[in-house]
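Next up: some structures, all given as structure tokens.
Look for chain A in each of the two complexes below; its partner is chain B in the first and chain C in the second.
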Partner chain A sequence: MSFSLAVLIPLFLVLFFNLPFYKVSGKIAIFIASLFCIIQAFSFFLPITANCPISQYFMLDFQCDGISRLMLLTTAIVAFSSLLVLYALEDTDRKQFNFVNLILLSLAGMNGLFFVRDIFSIYVFIEVIASTSYVLIAINKDKNSLEASFKYLVMSSVATVMMLSSIAILFLVAGSTDFVTISSMYQQYSGNTLVVVAIVLFIVGLFIKGGVMPFHGWLPDSYLAAPAPVSIYLAGIVTKTTGIYTLIRLFYSVFGFNTSIQSILLIFATISIVFGAFAAINQSNFKRMLAYSSISQVGYIVLGLGAGTTFGVAAAIFHLFNHSIFKSLLFVNSAALEKQVNVSDMNEMGGLASKMPITSTTSVIAFLSTAGIPPLSGFWSKLMIILALWTADLKVFAFIAIIASILTMTYFLIMQKKVFFGKLKEGFENIKEAPLAITFVSILLCAITVVVGIFFPFILNGLINSAVSF
Partner chain B sequence: MDSIYVHIILLSLIILFAIFAVSYARVIRGAILLGVVSMLVSISLFLLSSPLAGIFELSVCSGLITVIFVSVISLTIPPDDKQRKMNAISMVKKMTLLFLLVLVCGFSLYVLDSKNITFIPLMQNVQESIDTRDNIWNLRHVDLIGQALILLTGIFAVVVLFKKDTNKDKK
Partner chain C sequence: MSYDILLLLIVLVPVLLSTLLPVIAKFSVALRNSFALLLMLIPMFFLCSILPEVLSGNIVKFVFQFPLGINFILQADIFATFTAIASVLVSTIILIYSFEYIKHYENQNEYYFIVVLFLGSMMGIIFSANLIFIYIFWEMTALASWRLIGFFREKEYIRRANKAFLLTAIGALFMLTGFLIIAEASGSFDLDIIANAGITGGLVDLAIVFILIGIFTKSATFPLHSWLADAGIAPSPVTALLHAAVLVKIGVYVYGRLFSFVIIPSDSLRTVILIVIAVSAFVSGGIAFVEKDIKRVIAFSTISQIAFIFLGFVSGGKVAFAGAMLFILIHGIAKAGLFLCAGIIEHKVHTKDLNKMGGLLKYMPFTAIAFACCALSVMGIPPFAGFFSKFLVIIGSVMDGNVFTGFAFIICAGFTVLYLVRLFTKIFLGEEKGEFVSLSKEKLLSPMVLSVIFLAVLSLGFGLFFGDIFAIANLAANQMISI
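Then we have the complex of A and B:
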């Protein structure tokens, strides 16, 4: 498969679905989009290097490396999970249809973002993802979702202004916006105040997009107000792609690292990890707790990047992959609870483990992985982050990362106790396990978490080392 | 016309009208004022030797977008006085935010100025004028795919957010 097709196929599918003389139902659209996600996921294991004739016709100057391939795989898994949950939860044909179209447009934007090597094109594709996200969050058209979408729109616009200003400065200085030219300009003028201002503006813009503290204001409301399939998609991949992947890509492929950049990354990452975890402990709403947990875990990814070594970049990429999988799993669990119990306040739940054994077991696996318990996937990526910090002589930050894992354990234990363990709450006697599509997604994501953890040596060589050689 | 004062006056007017645009409680006035802002921006672009960018700004942002805004607002039911009072943010709050913004911008400029910025000379290929058609169709065609995606998203945004749900939509 040519990697350019990963951008063109979703675009053509949207056009095909909306042909005036042919009506595609929501279910068929979900089926075709899911099939595309499966093909995209399997393309990770196939040689995809050359452009096909159709992409040559469009003159697409895309490039694909190990990080792009890993991101393609992650995106495909999360989008597939989101589509199956949509199939199980949404009973309106038109909503299903619109949702699939928006997901495909977002997928095209994301895949484009993974292949471009030009900072202005990065901005364009980030905007594609952001615009589809505004609509996806507001898709229910109730007060909360519209408010959350508007909040995201405002915050995202601020980020956009910052990124565009940064691009304008870099363009004026370098004379081009492609990675190679900017990289060589940066080596020459890295100490210049204007260039430093441009880079800081870009970083802050990406922090807003990625929901890093203290720029996270939009994130909990968006995850909470969005319908379950959208929450999975947003938490699983959107914020990771628009904010964190772009950050990794810019520092890995363009700017490189220096002490002042590393300090910015490390300070904001630490704030995000610690305050995100404390905020998560205080939440009673299941989805809001997961949102703050997400902010905390994103901090770990940025912390790994802040180590400023290729091993740190590899650790960050690996934690990004793992976090996308287990956070999607936790949001799928939340969708299962939303569907079966119709309650989101954890204080009103209790004893659901006996009634929903698959949801309960998979959520335990996901939380253990998030907390970094061996031999699950989250343990290895957190270990890599800590080792990267330790070898870069950033021992204080390594220590903070270890302590914060205890905080992660705390809020997830509180969640498990309130939701799944203890005495069954009155009125929940007739609760059943979630529909097949949801349990299937839970098992799939859980299996990935376990398999990646158990077969870590093979994953390290085949998946991570091929993305970032260290 | 190329005096620095003309640019300063234009930029000041742009900021002033932009503040007015977001300060008005009546959306239609805000939309018209945004059109004025775009018009001033297009004059500024014209004076900065970017006539094509100025024409795009004038025709699309100042013309087409303002017409669409005004048409859509005309189709909506205006809020009554009670709702308007509830929605309106007090002028004191707006002015406080504006004051804070000016303060932050002023401080940033002061810090930047104290750093004695060494301005880097522009690269030669930026100063050379590149044909706009060549730039769009041959150099930035990847971005055109992105623009097509944003356009389609806009269409779906209108369909999703403005079309009423009916019973026929059920499975």
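Then we have the complex of A and C:
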């Protein structure tokens, strides 16, 4: 399969849906889009080699490596979950239709981002994703969502300006924007102040996009205000791709590591991990807590990257994959709660485990995986991050990473105690389990978490080591 | 089947098949219960079949190479097999007891699932010969105890379950840091390689301290003991399983496994550990004397007795090691008996407050006899088995030159006698309380009463045939400590 198709097909589908001669209903659009996601997920197992005309026409430098393929798989899984939840939750045809179109556009942007080997094209695809995200967040058009979307727009524009200036400087020095030229330029001028400023600007822009503390201001609001399927999509993959994947890609394929860059990554990662977790402990809103937890987990990914070794990169990519899966799972479960219980304040819930067994069991597994309890997937990626830091002689950070797990555990135990564990609150006697589409997604994502955890050695050899060989 | 496959199955059968229990319950509750029992009996059967091989001095080993040096190695020597048999034995009796105890409550499916999973993880800890896998199974037991302590779902209970989980998890994370230091110093997570590396030095002592934090939280040693007494709100079979027989023994077992032969703590560190456990024994013995809640008394008694087991392993000599090993088995049986008796009493009189009891001997004679036998064993009165293990531990530590510690622990043994006699008197003897008049006399033929009687008989029986099990313990000590 030619990998340019991953960009072309979603674009073509959007066109096809919007031709004026006929009307495509929301349900059919969802069906076709999820079919595309399934195919994309399976394309992970196919050999992707041949190049395609698009790169010649647009002079795009498209290449595919193990990281791209792993990201393709992750994106497909998360987008698929989000589409199914959309099917279960949203009943107006128009909204479903709009949502599918936007998600397909965003998918095109993301798939492009995974393949390009040119920093300006990276910027273009990030903007494609970002502009669809503004609309997705504001899709309900109420006050909160518009405000959140505006906030994201402003913060994101700042990031854009930073990234563009950085690209301009790098272009000025290197004379081209493709990875190879910039990389060889960087070997030559790595001590140059202008180049260092450019790189730092780029990093900060990506930190804003990825919601790393203290640049996270937009993130909790957007996750909270966006409708459930959007927050699954945003939290599961969009911020991870635009911010964190790009960061990994830049340092893995272009710049390489040096101690000053590493210390920037490590310090901001630690701030994210610790303060994100403390902020999560104080939240009473389910989705807000998940948002802060997301910030804290993104810190772990950046920390792994900060180890500055290929093993660290592998650990970061692995944690990114795991985090996408279990954080989507938690957001799916929050969608289920929102639909069935209709309150989002955790203090008003209680004892729902007896009424919603699937939702509660899968949340427990997701949170245990986030907290790094063996033998689930999150444990292994966290262990890899810790081992990477340890072998890179960054023992203090390794120790912080270990001990911060306790904070993760704390806020999830609070959540578990308030929402699922405990005696059933009055007035909740008639609550039923979420509809089949949602429980199906929960079980699917939960199964991935458990299977990746139990078959870790095979996953490590088959999935991670082929992405980043260490 | 070859021995290594049997060894693998001992761990995998309960861990993996336990997930089937909730599914089976959809068809029949009786089937689920018998399947749970089967999942306990299968490991027992396999353990007995590898026992002759192990006793002949060979080490059964299953090795599966994993990336990153996290090798899945299971290794059965006499010490491991003996402890495993002790754990499965007690767990099986507790499971049979819970068939009757638990049948009126909700969440039974979860209960049986977690109990069997817990046993499987316990087997994993006992046989693992790789630090990371010890950690993995260690956390799985923490997970299981979290669900089991919160069994009744009351708000306060869940708070305490969370407390236990967080406290043991913090300990475990410190332990993981210690493991990383050890792995860096020796170059591997595999116990064999670490043992051959013969590492010592300041950094290794720091690692040992980190690992000890983990061990002390799990085995509830002062000052990290506070979760144990609070966790007494769980159903009695759970408290028996967690606090008496199995969970708290994990810590001491891992101490014996890691620090007897693989990594040797320095002498100064050893002295510090001795002081800590002596303080732990004294303080908890004192608290047990003033507590009013029957299960809290027994829980603090556990903390105090755990210190005796530590004493045996810390001393480092063969006699002390053999004594500590036997202590794990004997104390497990006797203390499980005490907790299960407490469960029967609680079911009968619906209170845990000692001051509201009295004169129960008349209504529950069988429980009283079983309680007395188990209490005598814990106190260390001959000819009950507890006497021999306690004697060996103390005499062993004196032989290794820790005369003062030995003396301190003799005083602690005196404490034990005092608070257990007080407990027995308060419950069974003394004035009858008026509200008990309506109680019917207990029947002998119920699973609950029969299981406590069985435990009482074992406590006596192991004492009478002490020579035989001591021979096994001696073999184990010789295998572990080769001087």
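We adopt the following convention: the second predicted complex is superposed on the first by the 460 of 470 C-alpha atoms of A that agree within 3 Å, B and C clash if a C-alpha of one lies under 4 Å from a C-alpha of the other, contacts with A are read in each partner's own complex, and residues count from 1 in each chain.
One rule holds in what follows: a contact is a pair of C-beta atoms (placed from the backbone, for glycine too) under 8 Å apart; a residue touches a chain by one contact, two chains touch by 3 or more.
Here the structure is a predicted model, which means the values were calculated and not measured.
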Legend entry - Side-by-side fit of chain B and chain C on chain A, or clash: fit
Legend entry - Partner with the higher number of touched chain A residues, chain C or chain B: B
Inset, instruction - Could you say whether A:85 touches chain B, chain C, both of them, or neither, answering first, second, both or neither? - result: neither
Inset, instruction - Please indicate which partner A:102 is in contact with in the superposed arrangement: first for chain B, second for chain C, both, or neither. - result: first
Inset, instruction - Could you tell me if A:423 is touching chain B, chain C, both of them or neither one (first, second, both, neither)? - result: second
Inset, instruction - Go through the superposed model and pick first if A:384 touches only chain B, second if only chain C, both, or neither. - result: second
Inset, instruction - Report for A:351: first if it touches chain B alone, second if chain C alone, otherwise both or neither. - result: second
Inset, instruction - Put down the vertex angle at chain A formed with chain B and chain C, C-alpha centres only, nearest 10°. - result: 150
Inset, instruction - In the overlay, answer first, second, both or neither for which of chain B and chain C A:225 touches. - result: neither
Inset, instruction - Name the contact category of A:368: first (chain B only), second (chain C only), both, or neither. - result: second
Inset, instruction - Kindly classify A:325 by the partners it touches after superposition: chain B alone (first), chain C alone (second), both, or neither? - result: neither
Legend entry - Lowest inter-chain C-alpha distance for chain C and chain B in the superposed arrangement, angstrom: 38
Inset, instruction - Check chain A for residues that touch chain B in one structure and chain C in the other, and list them. - result: none
Inset, instruction - Would you tell me which residues of chain B are touching chain A in their complex? - result: 112, 115, 117-120, 122-126, 138, 140-143, 145-150, 152-154, 156-157, 159-161, 165, 169-171
Legend entry - Complex contacts: residues of chain C adjacent to chain A: 66-68, 106, 132, 135-137, 139-140, 142-143, 150, 153-155, 158-159, 162, 165-166, 169-170, 173, 176-177, 180, 184
Legend entry - Of chain A, residues touching chain B in the complex: 7-8, 11, 14, 26, 58-62, 91-95, 98, 101-102, 105, 108-109, 112, 116, 118, 120-121, 124-125, 127-128, 131-132, 134-135, 138-139, 141, 171-176, 189, 192-195, 197
Legend entry - chain C-touching residues of chain A, taken from the complex the two chains share: 351, 354, 368, 373-375, 379, 383-384, 386-387, 390, 398-399, 402-403, 405-406, 409-410, 413, 417, 421-423, 456-457, 460-461, 465
